[in-house]
Each structure stands twice: as C-alpha cells, then as structure tokens.
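First the structure, which I've put down as structure tokens, then a few questions once you've had a look.
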Amino acid sequence: MLSQSDIISLNKGDAVDHFLIIKKCELRTSKANKQFLVLELADKSLSVNSNMFESFEEIYSKVKVGDVVKVKGSIDDYQGSPQIKVKSIKPAKFEDDVTAMDFMAKSKRDLNEMKKEFFNRVELISNLKLRTLIKNIFTDDKFEKFSLAPAGKSWHHSYIHGLLEHTLEIIKICDLMCDFHSEINRDLLICGAMLHDFGKIEELGFETGFEYTDKGKLIGHIVISAMLVDEKIKEIKEFPEDLKNCLIHLILSHQGKLEYASPVVPKTLEAITLYQADELSAKVNAYKNAIATELKTDSKWTKFISLVSTDLFNHGLNPETEKQINESLFD
Amino acid sequence: MLSQSDIISLNKGDAVDHFLIIKKCELRTSKANKQFLVLELADKSLSVNSNMFESFEEIYSKVKVGDVVKVKGSIDDYQGSPQIKVKSIKPAKFEDDVTAMDFMAKSKRDLNEMKKEFFNRVELISNLKLRTLIKNIFTDDKFEKFSLAPAGKSWHHSYIHGLLEHTLEIIKICDLMCDFHSEINRDLLICGAMLHDFGKIEELGFETGFEYTDKGKLIGHIVISAMLVDEKIKEIKEFPEDLKNCLIHLILSHQGKLEYASPVVPKTLEAITLYQADELSAKVNAYKNAIATELKTDSKWTKFISLVSTDLFNHGLNPETEKQINESLFD
Amino acid sequence: MLSQSDIISLNKGDAVDHFLIIKKCELRTSKANKQFLVLELADKSLSVNSNMFESFEEIYSKVKVGDVVKVKGSIDDYQGSPQIKVKSIKPAKFEDDVTAMDFMAKSKRDLNEMKKEFFNRVELISNLKLRTLIKNIFTDDKFEKFSLAPAGKSWHHSYIHGLLEHTLEIIKICDLMCDFHSEINRDLLICGAMLHDFGKIEELGFETGFEYTDKGKLIGHIVISAMLVDEKIKEIKEFPEDLKNCLIHLILSHQGKLEYASPVVPKTLEAITLYQADELSAKVNAYKNAIATELKTDSKWTKFISLVSTDLFNHGLNPETEKQINESLFD
Amino acid sequence: MLSQSDIISLNKGDAVDHFLIIKKCELRTSKANKQFLVLELADKSLSVNSNMFESFEEIYSKVKVGDVVKVKGSIDDYQGSPQIKVKSIKPAKFEDDVTAMDFMAKSKRDLNEMKKEFFNRVELISNLKLRTLIKNIFTDDKFEKFSLAPAGKSWHHSYIHGLLEHTLEIIKICDLMCDFHSEINRDLLICGAMLHDFGKIEELGFETGFEYTDKGKLIGHIVISAMLVDEKIKEIKEFPEDLKNCLIHLILSHQGKLEYASPVVPKTLEAITLYQADELSAKVNAYKNAIATELKTDSKWTKFISLVSTDLFNHGLNPETEKQINESLFD
Amino acid sequence: MLSQSDIISLNKGDAVDHFLIIKKCELRTSKANKQFLVLELADKSLSVNSNMFESFEEIYSKVKVGDVVKVKGSIDDYQGSPQIKVKSIKPAKFEDDVTAMDFMAKSKRDLNEMKKEFFNRVELISNLKLRTLIKNIFTDDKFEKFSLAPAGKSWHHSYIHGLLEHTLEIIKICDLMCDFHSEINRDLLICGAMLHDFGKIEELGFETGFEYTDKGKLIGHIVISAMLVDEKIKEIKEFPEDLKNCLIHLILSHQGKLEYASPVVPKTLEAITLYQADELSAKVNAYKNAIATELKTDSKWTKFISLVSTDLFNHGLNPETEKQINESLFD
Amino acid sequence: MLSQSDIISLNKGDAVDHFLIIKKCELRTSKANKQFLVLELADKSLSVNSNMFESFEEIYSKVKVGDVVKVKGSIDDYQGSPQIKVKSIKPAKFEDDVTAMDFMAKSKRDLNEMKKEFFNRVELISNLKLRTLIKNIFTDDKFEKFSLAPAGKSWHHSYIHGLLEHTLEIIKICDLMCDFHSEINRDLLICGAMLHDFGKIEELGFETGFEYTDKGKLIGHIVISAMLVDEKIKEIKEFPEDLKNCLIHLILSHQGKLEYASPVVPKTLEAITLYQADELSAKVNAYKNAIATELKTDSKWTKFISLVSTDLFNHGLNPETEKQINESLFD
C-alpha cells in the first residue's frame, strides 16, 4: 500500500519524491523544430503536467501510459498551475509493490468479504445446471478480473471492485423480492443477477483508468455477456432450451428499455425484477457519489448533473444518531 | 364470509338464490314508452344483466349501486349470454354479515400481521418529531381506511389491503438500502415511505369498486398527501423547516419524473431511493398480476399489455423445488 | 400447384370439395354440457368457421392446426357470414401435392433466379475468411429455410421468400453505395447485408402462418444472428478480431436506433450504409403493400396506417407508359 | 434613485467613487500561504473582480454578498479585463438611499398604476367567498413581496415587479376570453390567475439577485401556492368543497403539461384558459426580451436561444408609424 | 330555414315526410345475386339506414351523396336500431329553400356581424401594401367561401362559419397583445392572423360534411396559404422583400412546432404572438365543445379525450350569477 | 487554380506572400481610445488573426469579408498561436484568377461529368410536361447556381458542387428502386429527386462561406422549392392538377417526418422512396466526412458527434485490395 504525501498538498519549490502514474507520454516538436516530451503524471489527488526538454530519450523508451514510476524533482508553477520540474523518472520495481490500482478509487467494502459473500451465494443455487454454469463462468481467472472491474466508466460504482459490490447489492435485493413473491424462480433470477453485467470485463479497460474498449463500443457488454453465456451453456449437456432462453433474456433485457440499449424489454417476472433491482442499486449509488463529489463551493447543492437533469441536495440532516439506534433493530 | 356457488358455474334454468352486488341500476324507457329497470348484478366470478319490466318500483326505491342484495330467480339465456330472471331482490340484512368487500379482490397477506408489522416499524423511528407526526396521521380511523385501500385502480396492488401491502414492501426495501448506505437518513426515508401514497385514501373511492374521486382527479394523491403532511406538521411545535421540506419533497418526487406526475424530480438521496423502491415494488406486483390474469388461451403469453408495450411470458419453469431448499438458506 | 375455385366466390348452398388449411381446431363444451368441435378453415381467399356437433371425434384425433385437409360439404349462412356445413374432412395425402405453403402469400420473384443471384454474389466476396464464413452459414439446409422465410410478420416483405428478396435488394443498394464511396469496405458491408436478418429464421415460425417463436420474442433476431455468427467465426482459424467485431457490429446496429431494438447504434461507415439501405428496401416495400391492400372502398386513400401515422395515397398516375420507354434507357 | 456613471464606460486609470453591490466575497489562501480577499463588485452595467491583499480584514467582517457598498479606487487592467484597485469600501448608509434593488432590472410599468389595477379588479370579483380569500391572501405584507417579485429567474418577466406585470396581463387576457365564452366561470378563472404564481415569492429569493431557495427547489411554487390556498380556505367558513378543488386544480394545472411540472393537466374550461393565457403572456415577453438582449454583433439575428431551440429575428420593420395611427383606433 | 320534427324523436311506425341529406348511396349485390340500394339518410339529430330492394333504379340515377332529398315513408326497426321504410325519395327543389348547410352545425355568432367586424378591422390596417394585399385576397368570392368554412374537421371551431369566428378571436387577442407591447408590428401581426388559416378553404371540403381534400392531405393548409400569398404579393408593385418574408414566416410558423406541421418555428415577435393566440383560441373552444358533447351519462366527467390525454370536468359551478354583475364592469 | 504553400506549414518568422480570404474585418477601439483593425485571414489550411494598429484605413475602405486579397508580411507568434504581421494587403486582381471558391472545399467529382450526367437524365424523362418543367427551372443561370451550391451548411455534402453530387446519387438510387418496383412512377420520382433541394440555392449563401440567408431561416428551402415549382407549373398549359399536387407533395415530404421540418409526411410510394433515398445519400456522406475529419489524436475513434449522439469508428480494414477485384465484377 502506498504511503506518501498527496501532490495537491505541495507548494511551489517543495521536493517531489513520489510514485506517480503516467497519464500521458507524447513526443512533440517545438516551432524551433526541437523535440520535447510531454508528460502527465498523477497520484489520486491531482494530475500534473511536466514537459522535459532534455535527457528524455531514455525515459521515453522505457515507460508508457499506465506505468507507475518513481519521480524525483520539485514543484514548479506555470501560469497559476502546478507543474513538476523532473530530475529523474524510473519505472517502479516489483519490490516497490506499487501498481496502477493504487492510483484508482476503490470500493469501501472489503474484497475478501465480498468474494466470500458471492461464492456462498453460488452454493445456494439449487438448480444443478445453473450452478454448474455459474461455476464454469466464474473461474479463478475470470473472477479476478470481474472482482477488479468497476461497474461503470463514471456514473455508478465507478471504482475498482465496484462491479462486484453492485452485483452483491442486486443479489440481496432480488432475494428480498423472492421472499415477497413465491412466483419468482429464485435460481433463475439470482443467476441473471450474477451474469447481467459480466460482459463489462471486456467492455471496459480499467488497467490505467476506465475506458471503453473497441469491442465494448462496437458490441456492448449486454451482447458480450449473452454470447458468452450462449457459448458456455453449449458445453453443458441437456441444458433445457427454455431455461437458456429465459436466462439470456434476463441478460438482454436488464437495462429495461430499448432506448437504454436493451435489445428486448423485460417479458418475464424475473426480468422485470432484475431491471428494477439494477436501477435501484445503480441510481442510489450514483446519487450518493454525485452528492459527495459535485457540491458547489459553500453550497448544499451540487452543480447541475446533466445525466439526471437536476442539481442534487445535500440536506445534512444527521443520520448518525438514529443509525446507532437502528443498528440494534434487527438483532 | 360468503359461501355460495359461483354464478359462472350455473347453467340455463338453474335456480339463483345468491347474495350479489349491484353494479348498475338505471330506469330506462322503451320505444313503446314504457319504463323498465336495467340491473347489473355480480359476484366475484361474473357480472350478469337483468332487465325487469314488472314490479320493479319498490326495488328501485330501496337499492342503489354498491349495495349487496339477496337475489332469487333463475338463469336465463339472451343471445348466448347468461341473464338472471329475477323473482325477488332484497337488501342484505346486517345479520347476513355480507358486505361489498366480499365481492372484491383482496391481498393474500393477513391484515393483522401487516398491521402489526407496520406499527412495529413505527416504533423504531428514532426521531421523535417524525414518529409523532406518523402517529398523528395514522390515527385509528385513518389507518383503517388506509389499510382497506388498494394501491391503484387497476395496475399494481389493485386489491383491498393492497396499499398497506405495497407500503410494507417499500419499507423493507428501503431498510435494506439503508443497510448498504450509511449516508441515507433512515428515519426520513422510512417516514417518506409510509406517507408517500397516503393521499390515495382520498384519491380513490373503493367502497363498491375502485374509482377516482373528483378530488382525486383534480388534485391527485401526491398533492393531497403533501397538503395533509404540511397541515399536520404545523401542529407539531418546532418541527425543523429543513426536515419538513425534505419530507414533503420525498412525497412530491416519489413518482420520479415530471411526466409521471411528480411536480419535482428526486433531488436527495432519500428521494431517489424511495422512487426506485416504489418502482421495484409496483412493477413486480403488476407483472405478476398481469401474467396471472391476462394469459391468452392455450398460450404461455399474455395478450399485449399496453401499459408496458409488450406481451409477457409465463415460462412455467418450476420455482417450487428450489424454493423449498432456499427457504432454509437464511436460518 | 393448387387448382380449385376460391371459397369467397361460393354462394349459400354451393358444394364444397376443396383443400383447405386448418386455422383453428378446438373442443368446446356447450351450456348443455355437450362437446362440439370448433374449426376455422381457410384458403387464400377467405377464412370460414365450421362447428361440428356430431362425428368429430375421429377428425379431432387426426388433424391439427396448420394441416391441409380435403373438405367436403356445402356453404351455409350464419347471421350473414358464410359457414361450411361439413360432411367429411380428411388429411391431404402426399400424392395430392398440396402443402401449407400453397395457402400463403409468396414473393412475385422467381425463387431460382433469386437463389442464383445470391450465390453468384457470394462468389464475388474477395476476402477469403468472409467468403468461407458465409458459405459455412448458408449451408443447403439453412439456405432452404432462409429462402422460405418472410422478412417480417406483417409489415414489409411479409410473404414466403420475402427475406431473400429483401436481402437481395439491400445487397444491390449497398453495391451501388460502394460505387459512390471507395472508403466503404465492400466485402464487410455485403457480408453484413447477407447476415443481418438471418436470425429471422429462428425468430419467426412460418409453417402455417407467420408467428413469433418464444425464442424470437425473448431474444430477437438481432442477437440470434450475432450469437450464431460469433459461434461460426470461432470455427475459422485466425479470423481477425477487429473484422469479427466490425461484422457483429453491423448485425447489431442494423436497425439504426436503440429504440428500434438495436443494442448499439451504427458507428462505422458500413453500419450506417446497411441501416439506411435496409430502411429504404423495407419502407418502400411496406408502403407498396399497404397501398395495394388497405385502400378504402371507392377511395384513392388507404385507411389510417398506424405504423406510419398516416393514410396513404394511391394517385393512379400511370407509370406504365413511361416504363416501357425507360426500360430501354440503360441498354 | 442612483445617479453615477456606469462602470462599463470607465477606462484604465479612471477614478472609481461608486455605489456597487457585492456579488462575491470570499477569503482565499495563496500558494505562499497568505490570505487575500476575492471580491466581485457590480453595478447594472458590469461585474468586476477585485482582489485585496492588504487591510481587508475589517471589510470582510462588515460586508456580505448582497450588500451595497461605497467603493473608492481606480480602474486597473488584468489580462485584458478591467479590475478595480480598491482604496476603501464602506457599507452604504441608510441616508444614502441606495438599495440592492437599484442594481436590478425593473418593469417599465408604473408600480402604483399596476397596484391600482390589481385591487380594482379584486373588487369586481362577485363571489364573496373568493373575494374574501383573495383579500386574506394579498395582505399588505404579502402584496408588497408579491409586487417586488420577478416572474422568473431569467426567462420571462425576470425583473423587479415582473410577477405583478405578468399577473395583470393574464387577468386581461382571461377577461377577454370570458367575453368570448359565457360558459367560463369568470370569478373562478380570475382568482386562479391572481394566485397561480403566488408561491414564487417563496420559491425565488430576489433580494440581491434572482436565486431559487431550498424550499423553491424541493417543493416548487406550484405546490407552495396550493398548500397556502388550502390553508387559507380552511379559515373561511363553508367554503364549498367543489369550488376549493377547482381553484386548487387551476393552480396545479397552470403549467399545462406534466413534463412542465404540473402534477395534473388542465381538466376544466378555466384551467385550459389559464394555461394558454399564461403561455401567451410569458412567451411573448420572453421573446421580446431575448430579441432585445441577445442580438449578435452586426446582425439581425440573436444567438441560438437553447430554451426555444432557435435563433430569433429582429426584422426592424418599423411598427411606430402604424402605431400612431392605430392608437386612435379604439377611441 | 328547415322546420320539421327530429328523426330521433320518432317511434316505430311513425310516418316520415322529411327533408334529409344523403350520407351514403351504394348499389350492392345480395348472395342471391340481386341488386339492392344501400342508403344512409340523416338530419341533424340522427343518421339512419335504409335498404331498398325494389324500384330504386330511378332514385339511384337522380341523387348522390350530399344531396338533400324529400323522403316519404315510415320508421321501422331492425335489430333494435331504427330504419326508414322508404316509399318515395325526391331531390329537394330550389323553391324548397333547403340546402346541405341546413344539416350542419353552425357558429352561434351572427354571420353579418362577424363579416362587419372583419372588414372594419381590415380598414384599420395602416400599411397600404398590406391592406391592399388583404383586399386582393379576400375578394367577395373568396370571402364567401372563407366565411362558410369550419376551422377544423372535428376538434375546434368545427362548424360552419367557425373559421371566421376563430380568426376574429385571434385578431382581438393579438390587438390586446399589441396594447401590451409597442415592439410588436401590429399591421404585420393582424395580417398574419387574417391569413394564417386561409388555406383551409382548399384543405377542407365542407359541402356535405367536413372532409380533407386530396390537395389538403398532400400539401396542407399552411403551404397552400403560403403559395397563395406569395403569388398575390407578386402582383403588388414594390412589395418589400423583408415584409414578404416576415408575413410568409407568420403563416408557416403559426402552428408553433415542427411536430405540429409548421415547417419553421416562430422566430419573430409577431410569430410567437400569433402562435400562442391561435393556441388560446383553439384550445378553449375545443375544450368547451368537448365538455358540452362528450359527457358520460350521469357524470360530471367526459369520456377520455385522446387528443388531450385526459377526461374533462364539467364542474357546474354557475357562472351566470356573476356574469350578470360582470357584464356591467366595463361600461 | 491557386498554387502556394499552406499557411499551416509556415513557422514563426517565415515570409508570407499569399492570396488569402478575409473572414473578419472589424474596426475596434482600444482602452487607450485608439482605433485598430481586426482581421481574420484564411487559406484552406488555417484561419489566422492579424491586428493592424497603423496604416489600416485604406485597407479597411477597400476590402470586406469574403474578398480575396494578396497579403505580404511574416508569421508571428502570439501566446502560442500563429499570427500574421502584415506589411501590405491588396485586393486580388481579375487577372490573378483567384476567387473565394478557391478557398472552399469542393466535391471530388468532376463538375462537367456531373453536369452531363444530370442533363442526360433529364432527356430520359418521358412525360413531356414534367420534362418541360425541369428544363424551365434548370435554366443556364439557375443551373450554374445549383451546381455551385453545397447540399448543407456543415453536415453532409457541405462543399462546393455538393448539392449536385448529392442530387445525382439520389437519382441513381431512385432509378434502382424503380427497377425493383414497377408500381413506382419513375418520371414523377426522378423529377422530385431533381427538385427536392433546389430551394437551397436561396436558403444558403455560399459566396464566402456557407451561411443561411434571412429568407432561408424564415421560410426554408422546402417551401421555397414548393413556391417556385408552383409558380413554374402555372406557366405550363394544362399541367394536370393531380400531377402537380403529387410533385409538390414529394418536395414537401422529402425530409420524412414533421419534426425534421417537412410540413407533411410521405403519403405516396414515390414520396417514401425519395425520403429514404435522401437519407441514405446524406447519412453515408456525412459519416464518411465525420470519420475523415473528426478523428481524435492517436485514436481510431472520432470525438463525440452530437448530431448522431455517438462517436464513430475508423476501423482501417483495408477496402482497397478487394476493391480492385470488385471493380471487374459487373463487366
């Protein structure tokens, strides 16, 4: 784990001796026809420019966007914005134990706890074909990628482990709905919940930031998920055709409306449940994050959030007092 | 409780000696300038016409739409549809212990259990002002009306006790979301959940069927609720202004979008949670009912449901087997 | 080929000795608790009811909806509508050489000519991987099904061989657009055109009428096509990843807008071309058919066509004279 | 009334000895860890920045945003924009007779004339209960606030006294419509016109600029008006229930469509009249203002106005000549 | 003027000796291959069928749809609906002084008064070119057609003289708005008001009912008006180009939005005024008519009016008392 | 034809001796109350500012926006952007043979070839009245303007000769559709294709850039075309009324939807064909241009294109190899 002062807290002239991640690394040519290196270096607190006009050739050959490097130098000031006057840049070594992940936002929930919750729930799937399918899909490799992924690029659960956190919330909401309605096929619904966003591990790249891949943009996580599930079901003998169709329908319809990019709308009881559970988990997380990060200075209101066409209100009415009491409610 | 054969099971010529509810009761004039009485009589299974050309004056003076009556006569046939040839019609007596409610659909949940759940939850509200407000609103009289009301005219939870059943579902979903997010003000959210549809007891008439009242159509349950809460808060000393605004905001915004008749969109974390929890509870109930009642003959598909612009699929994949297993999951 | 008088031309009392297709075949119970058989029998000109109260048990055990049968009897009249008084019904024999297809609308283009056009165009695909893919998909079996299918249930090219006719039109429009724009990748576009609606052979059942299958409603022809192409590409060695993504993108985006059920919008030059070519072919065919079949009596206007929110005008300005001249234009 | 040169007319080096209003007043800390004061000072013509690095403590303790102050100093230039080099800032004194209102746009109509028009019209309300209600609501205090308020933040009648000017226009349009249609209940309609936007006095703060209040954003002027009218009606004995519902309906529905934030659409003849009269008054005023203030340099066209998705044309065809003639039309 | 009993008041067996209008007149062939004549005959109260099996040849040769005829016969009954058993049908004679107009709804305003109002207002146009244009367009012939026309097929002012009544309302509303805003070019606006719907005299046929013409459907009254004004302006020397563009713009944009079939949106002050004045006049008239004609039996509510997506409320609060008082307001 | 180095290729200090077009030419006054001239000068590669503080009076009196001038001076640098330090500016002389057109983008197709194609197709119109109409409209003068015009301001075919190129594409697509469907009236459709955008020569000014005219904004090219065709048809004796209506309908409906500014939607077979052919030609051209000009640095993706609500993908899959083969397909 990384332990160093935040770049944002440094003033002009302060020394820099930090691990930073490379956000940009481009060679440019000045009007005087001289090459120089344009770098953007960041920790979690700030992204800072640094132009190198000398001795950058070796650096350029050794590092690339997304790499973590050890930077030595000092803070400079250019037209009111901080810059780094670089003395040396070296790739982080394995023994430094610092990775790009250390520079990204992360879920506040504990990964191991979430992992345990997930696999415990897998064991409770009573339909053998479905449980086998889930296990065949969530292999160690895939689960590792799945558990790292954010649930979105910027809107909800858009942080490392966010996809897993989001999936677990939906599973719990769905289980609650099954308690209300015995007509829901619980196994089918829970498997749909586990798989619905699985394709995001191919839709999004999240090694050095969260960006859509070419495949993600051209095909989208919904169909990526569907094609994968279709393929994995073919490997299971005598998987019932109608169960397959209903499961793929759950994945395809989980965004609820055609205009939200679902190619079919929910047509089964499980499908409408999954869509609404997804909405509930996603929207609440998104509003919470927006209220936390988009407040205007000296205001209880965020800036206008165009995705929801409104500004949001941070009322500041203290939930804590009650919380302590409530926590003992269900003992 | 009513115990008699269903009208739908009778054949031409069979005797009728049934309690029925009056759906229509109108005097008309024939071309020959003679008055006659047009009746529509129903039990839960069927609604049947009956025209009386003789001796109807006393009947007409004693009964009205919504009354329960004891009908004697026999089943006749008119152009392929059953009719009742009436011999006598008399208002049900008090000791018959039959009311209009006996002819309406009802929640499958037990009323007393639901009532207990509701008031237990009220006691857990830790904020004293809010708990007082809830108790002042849900007086015995009002709660009785509230506990009878359907949550809607025809779409979701549209049966006696439906509003209470719906409200309890939302409360539980909201409590679960509070478990996920400590930033939510639990007391505020739960009170919003309890009050959000309260105005439906004035928006809908449900004595003899579910119909909108004039006030319901002109003002709507959202503003009826808001005006009532505003009035009741004024009776509580030093109720904080910002808490009042946030609570009324919860009520006003709970349909989530302007085009769904909310005059403001959700702008707080509690408001977005309540809206999405309401959607989840309402939609799943609505789809369940539509799948149960709108199936086409010999088909796994319902007719086209215009409210959701699709037909729905009754896959028939048995949830029961798994259910038994699952029920022991959380012991 | 079927040669018999049209049912619609018969009058009351006329003898019936016709091959007809069974549209409905249901046992019902009368009020008098007696079983009878409800039949709907059709040729291309008319669909006629026939209720059998005697000797229907053997018939009911031998035929089902979609079967072609030889019906003997006579035309009767029931409340102004023709009925058939049935004397005997027997399944058509193999040697009768009559099938359900004889009772459905068909493309006016010659099937063999279309088939030749299609496979000639396949040979002109210069990219070997793509040409192989097309050949692997359009096997004899699959092509036969493909060449029978309509392009839609009721709107455009909704007749036997319609899907092939529609596909050929799009191919020609796309080839013309490639002539205008050398930037378009012709092989990629033409393969997309050939495959874009392929999934309709699983989406629609068309043995006895055009109906959506369960799979068709739950998954849709777009994703069915995509899953199939994904599977077939995996069988070809070293099929380039980016070519695969672009081809699947063509299929997924070919309905042009999310609200038209495409899960992604067109993002490549080929994709926008395919979408617009599809629109052009489909809309012109649909309007032509609507103008031919939906004219109001004694009017140059069709009834209101809700799919396009207008009525359509049959101006009757004679194109024939010019046509003869024009036909020699491009010799 | 304020009499001083406009800031915008001053050049670098010119002396400043002006009453100005404070738009921003924030303490900041420089990189060198030194505090300084950031001010934004404005008259009607311009808003100008001024940073104070010395002797600002006393100023900061005495003034706040919205205050009118007497500023002495001179005009400076920073990167092409004017700044004020401040020598002294003092709060305006009571005897200076300058208030924040002097820095805001105002209606061109005379306030006293408008007030007289309004109360004359009140006297003409023939229904005693309604006239009493109006008088109880428009008390001296409330009317003063009402008569100061703008009708909107920025779009139409967005200036001091704008709400009163707008209300009077609507009243006259509604009276004209009553002349056309005797079916309209004139008293009801005119009272609805008077009250429809009354809640804006709580929705908008307009002491130092036009900003929405927390209550305004969370509840909105429509429901604020409705709750107030509901409360005031309860204080009048035997106010007819149906009249109350119709009056509140007028307020709730006056924005005409759900998506314009009315929780119910117009369902009475008065309601549709009020909505359309409001639209007419608001849109014409808004377009007039936009044409006057948003013209592009050297153009007869305004910039693109996003609220109406078009640019607007100032044709410049002289209405004056005709006007003189027309003015004598109705003598 | 027509003086005879209403058909709707007649009973079976009553004699018919009435002028009626022919709504349908078609030869049909029975199953028995015998020709008969299908007639639909109507007065203002009712439309009644009559089939003639004998002696109809001469009638068929002499009358057509839209003709007024003298019918002798008696009222018969067919499956519960009245029919006319015809003895003789003769075309009305000139001296009968009965025309198709006698069978259509008419404005309640006096035609001569409206005509006078219109031409008085024309004289007040101060711009000579515009006044000349109006006079050249509203020639005696054209004005007669214009003054007969309804303003619409079924929604607002859909009765004889309705277009003139509607135009006068708009003129008065526009004059009122000019009183508020001296920036409006009154002459331009009033001419736009006079001409905006002029094309309806070619869009609608209204000799025997209100039906769109082919030209009306293919081109529409907006462009018909624009083409005519363009043509008539060319006949006036030195008509200013910008005045022409602004006037045609008024016509084209008067439906306010592209989706309402205006090819351009309002971009001038006059254009927005005309659009909103048109809306006000049209909507209030339409709601008034709907409330008068679409009430459900025994209800204060109309049936659901799909054009406005709501039902409407006839509150019945008496406007008459106040009206008498109000009428003396402006003396 | 212009032969000089591109401005964009010059570095600071390099000499300028170029023909450039004037994009801006405004007198301004400095804070020091001194006049100076603000120029924007451009070739195809770049637009560059130049402020003149001395000796600009004569220049200002001789040139205006849109003029081509000979500029002498050198490249300077102002805050990172290139500027021109002007020594002299002189209007281009006639013998320089340089016009504003030399600074605008042009179609890659040869003008003469396109002209020939167009008039060859005119000769093939078999209906004499229609051919005459086309010839009367496309007089030498008009055709010259038509052949210069772009088809749009910035979206598709937005370059000199673009309107002609676009029109020819549509003609060919329409001819292909006529080959598929003998029901289409080929003459009518092709004339509609030729005329549909003709009004753009008055809607757009394209002498010095592509800007909408006042008439263009107030009336629009659709109605301009319709009014012109209406006028020209009146000059042809006995032009059939229904043919006129159908032709004008083609023009009016060619944007396909009301919200795309067509005052009527397509109601004939020709109209739907023209609309879809227009869409196909326009969209493919627009996407091609966007992919060519809007790519992000080092990316296969363009920036977000708001007109189509997506970014676009430049897959780079080489079409060339196949193209060579395909070119010989149809020999």
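Read from first to last, the chains carry the letters A, B, C, D, E and F; within each, the first residue is number 1.
The criterion applied here is as follows: a contact is a pair of C-beta atoms (placed from the backbone, for glycine too) under 8 Å apart; a residue touches a chain by one contact, two chains touch by 3 or more.
This is a predicted model, so every value here is computed, not measured.
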Third chains touching both chain C and chain A: B, F
Identity of the chain that, by mean CA position, is farthest from chain C: D
Interface numbering overlap (same over half, different under half) for chain D and chain F: different
Distance between chain centroids, defined by C-alpha means - chain B, chain E (Å): 45
Multi-chain contact sites of chain A, meaning residues that touch two or more partners: 214, 217-218, 242, 246, 249, 267-268, 311, 313
Contact pairs between chains, per stated definition: A-B, A-C, A-D, A-F, B-C, B-D, B-E, C-E, C-F, D-E, D-F, E-F
Interface residues, chain E side, partner chain C - complex: 31-33, 214, 217-218
Complex interface listing, chain D residues touching chain E: 124, 126-127, 169, 172-173, 176-178, 180-188, 242-243, 246, 265-269, 272-273, 276-277, 279-280, 283-285, 287-288, 291-292, 308-313, 315, 317-323, 325-326, 329
Contact footprint of chain C on chain B as seen in their complex: 11-12, 77, 300-301, 311, 313
Complex contact set, residues of chain D against chain B: 214-215, 217-220, 222-223, 226-227, 230-231, 241-242, 245-246, 248-249, 252, 258-264, 267-268
